[in-house]
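The block underneath contains the structure these notes are about, expressed in structure tokens.
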Amino acid sequence: MTNASPLAAEDVMKAMEGLGSVDRARTNRLRVIVSPERVREAILRAQGSLGCDHVIQIGIVDNGRVFELHYHLTGPHRTVVTIKTELPRDDARIASSHDLLPPAGIYERQIHDLFGIVFEGHPNLQRLILTEDWPEDEYPLRKDWTMRPDRRYGGSTPEGT
Amino acid sequence: MKLSERIVAWARLKSPWIILFNSGACNACDIEVIAAITPRFDVERFGILAKSSPRHGDILVVTGPVTRKQVKRLRMIYDQMPEPKYVIAMGACGATGGVFRGLYHVVDGVDQVIPVDMFVAGCPPRPDEIIDGVVKCLELMKADMKNGGKAWRVKAPAPAAEPKPAAVPGTEVTA
Amino acid sequence: MDPGWLVLYVFVFPGLLFLLAYALFMEYVDRKLGARIQNRVGPPFFQPFADLVKLLAKEDITPEDVDPPAMRAIPILAFAAVATAFLYVPVIGSSPLAFPGDLIVVLYLLTLPSILLFLIGWISRSVFSTLGGVRVATQLFIYEVPFFLALLGPALAAGTWTISGIVEWQRANFWVVVFQPIGFIVALIGLQAKLERTPFDIPEAETELVAGPWTELTGRKLALMRLAVDMALVTGAALIAALFLGGPSIPWVLEPGWLATLAGFGSFLVKTLAILFVLAVVRMAMGRVRIDQLNDFGWKYLASAAIVQVLIVLFLNGALIA
Amino acid sequence: MPEVVVPIGPYHPALKEPVNFKVIADGEIIVRLELDLAYNHRGIEKAAEARDFVRVVPLLERVCGICSHSHTTAFCKGIEEAMGVTVPPRGQLIRVIVAELERMHSHLLWLGVAGHEIGFNTLFMWTWRDREVVQDMLEELTGNRVNYGMNAVGGVRRDIEPPLVARCLKRLSPLEERIRKYADMVRHEPTTLARFQGVGRLTKEQALAFGTVGPTARASSVDYDIRRDDPYIGYADIPFDVVTDGQGDVFGRTLVRIGELLQSVRIVRYALENLPPGPVRVNTPRGAPKAEVLSRYEAPRGELAHFIRTNNTDKVERLDIRTPTLANWTSVAVSLVGSNLADIPVVVAAIDPCLSCTSRITIVDPGRRQTSVMSWDELRAHGIDFYRRKEGV
């Protein structure tokens, strides 16, 4: 499986036809930009015709306007195929891809906890990373989040520990 | 001191068993503490053993800035230890929070949660420094036994802890 | 025997006091040997004593929901059982308390600490202790049978159930280990398992169960329990030395009597330390096995080996008589 | 015996780092496993957005004390890529030397810890003694034993003098000999074999499906190594082999790590002997232009990915770190169900979990979190169904 020839931009374009534009972010990284509804379809196509069998990361960026999700996939060809999509800040929800990419369940849970993005269809989208008594509606990695002095963020207890 | 007290005091100094607790450190302190057990440094020479059950420990070695999630657990481990017990806070993080000071998920230092008897400086402290810290802690223990408990060390009431800054995490100047 | 001497025998030498001192010394030798094998310096000689005194002086916590008298009584019982067992093992010549069947009593008394350890794990109300206790009991069923069978061999050969009698028989004939090597090895493995030392430290597996049944023990209880195990090490080593290596007897006659006794005591020390050396090296050279692997090993090989040894002894006995 | 819940961690002697599994055991057999891992979450990613590049590097060094060089190198090379800066060859090779020494110390550490997990303390003591040799080299090269402080954006901060090179080269040969001895020891010691072989087995398909990386994947014959597949900091010119193994169990992972130790010795020796002259660092602009970089790095535990977004300032807009341990967790949770309680430490240790890396942000629960107690048959059915669903993809 090693040292298969790298993917050409044309291959990716052909595979992702009709989903969105493809550009080359780096010599061995190709990026396709799709709409949120079609992410699952793009992942399926990447797994099918592009032979991607490994998910590197689901990167997330809060750029102040929208949330960007980057699904970094790779395969025996060792070329990174990035599927990028943008979610609005006020209603950030997207279909979960935990059944397509088994490790994605983890990454989605982390993103949910820190950014508050809802992955629809995820079997167990619960708090795991922040402390149990962290306020429910606060997502610390959002750009506009700050700690409010009037709130208790868990950890220390009132009796002065 | 009576003879029996003297023997007990001697035994305590010769047999400090330590418990290692990672309260959110970067592992560097932990591996240096474990390195102190291994042949190059070999703390068993001084009777120091690393124990696993907090019920058996004399000295609790805490590494790391305490994360909010670990506060409760650290407190529980401390409560489980039998008296007389001592706490050593390891490294810059254990003392003040180190590079993590002011981040949203840490409470800045072990002494915010449990009483600390000794701080060991360094990021991370070398194993030699850790051994030195334990030895200094033993001297403190000796002084405590001479003065009948830890109370003599309290000279003036500590100033009230400052409230946690509400600024954006990471913008503060680190200590 | 003069009652004054008997009191001296039970409480001072080679009874309680000597046993305590020798147990602490054995622990020191064990730890030091281990440290040297591991390329370390190891603890100073007073270390076990310092540990003991420190633990005795520490706060004694009884966990919630635990019956305090039971928790207090168990370590004392374990301590007493082992201390009693040691009285029947010859240290300087035969034991004055010997009676027919004392081998069975000693074996029973040596089993008690394990059962008590199981009990203390069970009543501690902590998951680690309970699981550790269950493992102690499981392990007990695995090693006890081969251990007993292996110790049966010398008794069958000598035709007596007193330990001192077996020692006498060996003085008259030769060391049991010469014609029962399998039994000797099985007995050593059984002792290692009984004392829960690597590779059989499954009940107190630090990395899985914190400290197993020991987890909730503090202060005095921990001190007494540790001491009981150290004493069991001495008693077990002395028992095997007596049954297989001729105990304190020496093959030649020495005059006067006190010199012979002294030489006997010397041979006791040498033999027990030699056994300890073997046990310590095994402890250091191996990892811990899993309980199911121990089960396989114990019943498949250890028990069969012990039975084969017993059969061989029976056959030889028959052949000699015929 | 009824089912017992065994809480492993967050304070637990097997893992000196905080992690919590609620292991539901039926006697000795693990029925279910619930993971809770973020005890070390400190919020480094948020802090990285608020500090400039110069101050982020020491911060990232403390993501994890064991793989501190990995995180800083991944970050620095990402920022350098965004700035369009090339590090001089000498600086690159010094980075490689430190990186491979770090791999050696990490793998030796792992070997000792794995020995400790099965109660084989002598192996633990011996490997840690030899690890001190590596630590000495690191200390002489960088000035620190653990958090090296070696990397900076644009190169490294200290140069290596020729006498030091000679001293390091002299230390490598005895070390290599010792490593070969450990390889021999692990292959022949009966209790080690009994505890390692056939434990925590992952097939190649499972390893791929659960997204494992690093030695865990390579032990299941997944031939995946960023150093070769996406060469960075001069690995393209260095001769080395990617070690794989077909056994897929803990024993296979041990063999892979020992093989990698020998490869690391080879790389360090090559790099020390072929250090080119020249500067070790270039000056870089204060800010970085708008860019988006996925910086991948082969850390001791596997592929480490830093997703960096810059926006014309001297601060990153977003730094998203995916650590190797996080990628490997799913496989652990799956391979533990149905195995023995005694195997937990060694299976968990086999991926060499680095929890302070992982919990800097997150975590996991691969299974469904039912509170009902499953019978053994139900569990089997669940297991079969689980694998079918996962592998069907």
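Letters A, B, C and D mark the chains as written, and numbering starts fresh at 1 in each.
Quick note on the criterion: contacts are C-beta pairs under 8 Å (C-beta built on N, C-alpha and C of every residue); 3 or more make two chains touch, one makes a residue touch a chain.
Predicted model, so just to flag it, every value in this text is computed and none were measured.
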item	value
Selected interface, C-D versus B-D, where C-beta contact pairs are more numerous	B-D
CA centroid of chain B to CA centroid of chain D, Å	28
CA centroid of chain C to CA centroid of chain D, Å	44
Separation of mean Cα positions, chain C and chain B [Å, integer]	38
Per-residue overlap in chain A, given as positions that touch at least 2 other chains	130, 140
Residues within chain D bordering two or more other chains	13, 38, 41, 43, 46, 125-126, 129
Contacts with two or more other chains, residues of chain B listed in rising order	38-39, 52, 67, 69, 104-105, 168-169
Pairwise touch network: line, ring, star, complete, or other	other
Interfacial residue positions of chain B with respect to chain D in the complex	20-32, 34-35, 38-40, 52, 54, 64-65, 67, 69-70, 73, 77, 98-100, 103-106, 123-124, 126, 168-171
Touching residues (chain side chain B, partner chain A) in the complex	66-69, 71-72, 75, 104-105, 107, 112-114, 163-164, 166-169
Residue numbers on chain A that touch chain B, as the complex places them	130-132, 134, 140, 146-149, 153-157, 161
Of chain D, residues touching chain C in the complex	1, 4-8, 12-14, 25, 27-28, 115-123, 125-126, 129, 189-192, 194-195, 340-345
Complex contacts: residues of chain A adjacent to chain D	1-2, 25-26, 28-29, 47, 53-57, 59-63, 70, 72, 78, 80, 82, 99-103, 105-107, 109-110, 113-114, 123-124, 126, 128-130, 140-141
